[in-house]
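Going in written order, the chains are labelled A, B, C and D, and every chain counts its residues from 1.
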């Protein structure tokens, strides 16, 4: 039995691409503006605060990418903490990293708000903070350096586009929401709904229930959903795991691939395989490989270059046209 | 001091001793552990759990349990952040009022109907989180703290420690006096030790129980409000599983879950123990998240076994 | 004189039982009123009705000339009715002092409890009742008797008009009983009404003026005690003919000696030692012999019995059953070898309150009452039926919860539990505590009968009369050591007292 | 005459407590009926056979876990580690799937038993309070499961998938397994010496000790059984999911299981175990969750309604004091 979903391949496959080339638009930040002092990244102590357990493809690939790139660059002292999905713990983790004397912080925030105490401490010590995958609601270039990541709202909109395509602009759609209270959930939901309202008023969103980003929950909710709403045409899952749970539920209910169009976000290997198998209609990528871009940005900053206040990466779409060929790049 | 007194002290302060031991071991093993900055971060981050644990101590000594504190904590934070647009007073009073009322309702149900506290407060856990989601647009809205004075309450510092630490210390002291030196405290012990007897001895059982749950609710709300002040926002994803941390801290501190025995010092030591364990795991640095969990589970088991053996040894002498 | 507390035609019903049926009783200031009756007659229930624990279904309560309806024991207590309940009702984990003064702690500055004054006051109060102990230690570390004294001191030291005592002497030593009587007389002389429940008839005649007899929840008699002699009182309680009672006598122990004295001991304990508690205790019991253990409170009798069945970890010593050493620390092993203990504290160590009478009786014998771990209801039926009949256990049915039975019947259920395992030796710790005369006689007769059949019995009792009449041989314990052995003609109350006193003085 | 009236009123007085007792004993059944009725009236497609199959299949893991939890609660204990044990079982299953599904399932169940033994030993022999002993396991064992299988692993073993999705006579296999386990546990509680000893220990531990019951051994076995059942639930849930997901499988199931047990009328104070009512309790909670999802209530409402229903159910089954 060959277990699926082995760790993401290293190398340049699936590397993040910046959407807006650096320095073309928006405010920028230099070392001078920030008020920091230059140091050598190789000999520096760098802290990385991960938000969730490395137990799903996204987090595994993210942490691995940071660690690999640090090793690649010869950064000797990388300290990694994991908040195990507890926001209070993440705040403490970062504070303890600061206490351990880190000079650069890379943070994958669990939540966008509530970073006040950390930002104060870091600002007092002039420690540059790069947040990855989720934003922090604060002032770039003073509270933190910059944000590197995807635009979740945009992801929702793109998912809506694919759904509208799939249904030909009309039908009934169900949403499998992420964990309640999570910024990602909120933005992916809003993006999707806004787009549907704007472009396809004939699509009704008749059902939204949380699947808490987990496969089992996605399966259970979908089972209930298709039983009492057999007329549903499409399912928008806010991450791949829930989409795959939905697939299991559809299989169990005797549906055929394509009966119900599923669009999801993330781009894990299993999901892309799901497109190949015909169960998923499309997947919007959310690329977790932040290592190279994060350290590149840090190096540029230390070299005195101007850094944009946000570095939005360009995520791909997977669908039947490219799924088979892209399997190797999915994480 | 005779032998018996020494051993009694040992048992009552088992958690303090294990804490001391852990700190010594940690300092020897890691250079960056015993720094003031690290100590401060442990103490500051522990203070919110400590406030909750103080309330939980009363509940557990009275023979009950309160599973709703995690939800009240997050509700308190959201309400405080929401209220802060109307100024400091509202920011403080709104969460206290709501959480106090929730505690009051739970207390009334428990004391009046004789339903198990575990299940009543489990319903509280669900219901309060539901309420929190309802007022924050299913968790999508994060209210930001508007009032500077209120934010200062959570962020201001004296001697490198933020205000909540001092407030926690003051509350703990007050709680100790309340527990040991007032009729209310005696009633709490009596009810937990033997509820039927307490009733026959003239203890106002219903009233005391209600007070205990109100207190627990108030303290959880206060901790949430202070935390919101510290974070400058009413974060909606907090507090999941916090009740278990609080219970663990109280029990590690030597309070019996069956009620009737225990104290505040132990609970505070228990909270610090949990904080120190976390900090030690962070010091190790390169454990994967899964290993971190294994290690903290083992630590927890070790601590309770050590604590238990200490108290057993005491009974034999 | 006007009654201070009065029940008029009070009835109280429990599922399946009419515990009180139109009972009227008047309690006057300055009198000591005895309330007697068989187990389950309704004494404790009546008391609980008086003190607001239960509300009567019918009838009326009057207190100090007006109708009274106490919502809770607290209200009754506030109004001046102070009660010592049958089961010690204090908080075991709290310190002695805090138990004693709960709700009346001396206050210092800011209304905060003054700890020093608290302990001082507690020591002073308890000294008046002959209890000398560290008032800071948890109550549970005290023996049952001392706990009872604390409860008594607590009840009496509040400002009360009525003091109700439900079997206060059942776990007291003779000396403590004297102290108690002193207290009662003092209360009476100061115009307080005292209600006194006891199964020990001698005591009633020592302190009581009035008597009320309950039988099956109904009033059987009320009037001056002096007008009734002992036999008449018993006849009233049992509802039997005077002649019948006279013919059978009061204690049911036969006067002949059991055991040949030549047999090898069936159980023999050698040098039982546990720091601060037991110090080299030697005990042996022959088949068919009843060995008594005498001594004052805290002498270590309970501990000796517990040590024999392996329920008390020992520092030294050995127990042999039929010559073979018993594995220490295992009650199961002792029971298997044929040694069983009827514990002293019925509530804490005896009954399983959540289970029925039937299940309580069958508990220890379960492994024998089935095959391959599956219980046989038929076998249980047989055993339960036999013992409920033989011990005359009074219950609505065998499926009634044991916690709903009266104290005496609970004790019989426990006896049945032990007899069901067919032990070779039975250690009985206060087997007749809280049992009415009728049941007491039955139990005593049973002990006799069992001994005749070859069972070895170790009898622990604070009732000297029972000890003397029941035992063939008596070991006197003091501070964890055997200080004397009496046998044959030496077995008299005087000699036991003398042995204890002699050693205590020396 | 007086005799007669007193007997007559006695009958009335006896009748009322009987109604109470009935509600107390069968309140859960009534609540399930009410909820069913509501759904029949207001939920589209509720009476489809597929719907009942869905509900039964989804409730299976909770039922199995609750059975073990009921035993533990009967001894006055509690086991918080069941969810983590499910995760461990999921991890072990997929690790050993190479040897075939049965050996893998056996290893998983043994793993659960070992965790149960660890918790039981802490409780019975060291004397740690159940809630903390099993809390340590809750944290540690989930970590262990994640160390063994760091992320969700899909499998294609047809036998295991069949276990999770095939039916016999229209009834899913896993539901049949749960039913069989219920019967077994019912038998153990009602008819075996062990079952009686469990409740006796929960009712009064020191009395049980003095009655020669092997208290520590019984406690240990109870926790082992609970771990074993949780592991089995983990294997079945894994089979159904067609993937091993140690990260989120069984999260918070301990609370659902405890709720099911208590709503079923088993007191947390021990000394009593109600097996069938526990199953009913689990069904009630499942049906409630399904109703709320099918009617598309937002999460906030779902949680508040659940809170109210739990309170109402437990209120109905609570023990009434005599006054």
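The criterion applied here is as follows: a contact is a pair of C-beta atoms (placed from the backbone, for glycine too) under 8 Å apart; a residue touches a chain by one contact, two chains touch by 3 or more.
Since this is a predicted model, take the numbers as computed values, not measurements.
The busiest chain interface, judged by C-beta pairs in contact, is B-D. Taking each chain's centre as the mean of its C-alpha atoms, subunit A lies 34 Å from subunit B. Spacing of subunit B relative to subunit C, judged by their CA centroids, is 43 angstrom.
Put simply, the C-alpha centre of subunit A and that of subunit C have 72 angstrom between them. Distance between subunit B and subunit D, defined via averaged C-alpha coordinates, is recorded as 29 Å.
Residues of subunit D in contact with two or more other chains: 146, 150, 298-299. Of all residues in subunit A, those that touch two or more other chains are 53-55, 180.
Among all residues of subunit C, none touch two or more other chains. Applying the touch definition to every pair of chains gives A-B, A-D, B-C, B-D, C-D. Within the complex formed with subunit C, the subunit D residues making contact are 6, 10, 13-14, 17, 191-194, 196-197, 199-200, 202-204, 206-214, 270-272, 322-323.
The residues of subunit D lying in touch with subunit A in their complex are 43-46, 48, 50-51, 54, 57-58, 94, 97-98, 146, 150-157, 165, 237, 240-243, 245-249, 251, 290, 293-294, 296, 298-299.
Residues of subunit A that touch subunit D in their complex: 1, 3-5, 53-57, 60, 180, 206-210, 212, 214-217, 219-221, 223-225, 227-230, 241, 244-245, 248, 252-253, 270. The touching residues of subunit B, counted against subunit A in their complex, run 32, 35, 37-38, 40-42, 44-45, 48, 133, 136, 138-140, 142, 144, 151, 155, 162, 227, 230-233, 235-238, 240-241, 275, 278-279, 282-283, 285-286, 288-290, 292-293. Taken together, the subunit C residues at the contact with subunit D in this complex read 13-16, 18, 21, 54-55, 57, 309, 311, 331-332, 334-336, 340-341, 343, 348-355, 359, 362-364, 366-367, 370, 373-375, 417, 421.
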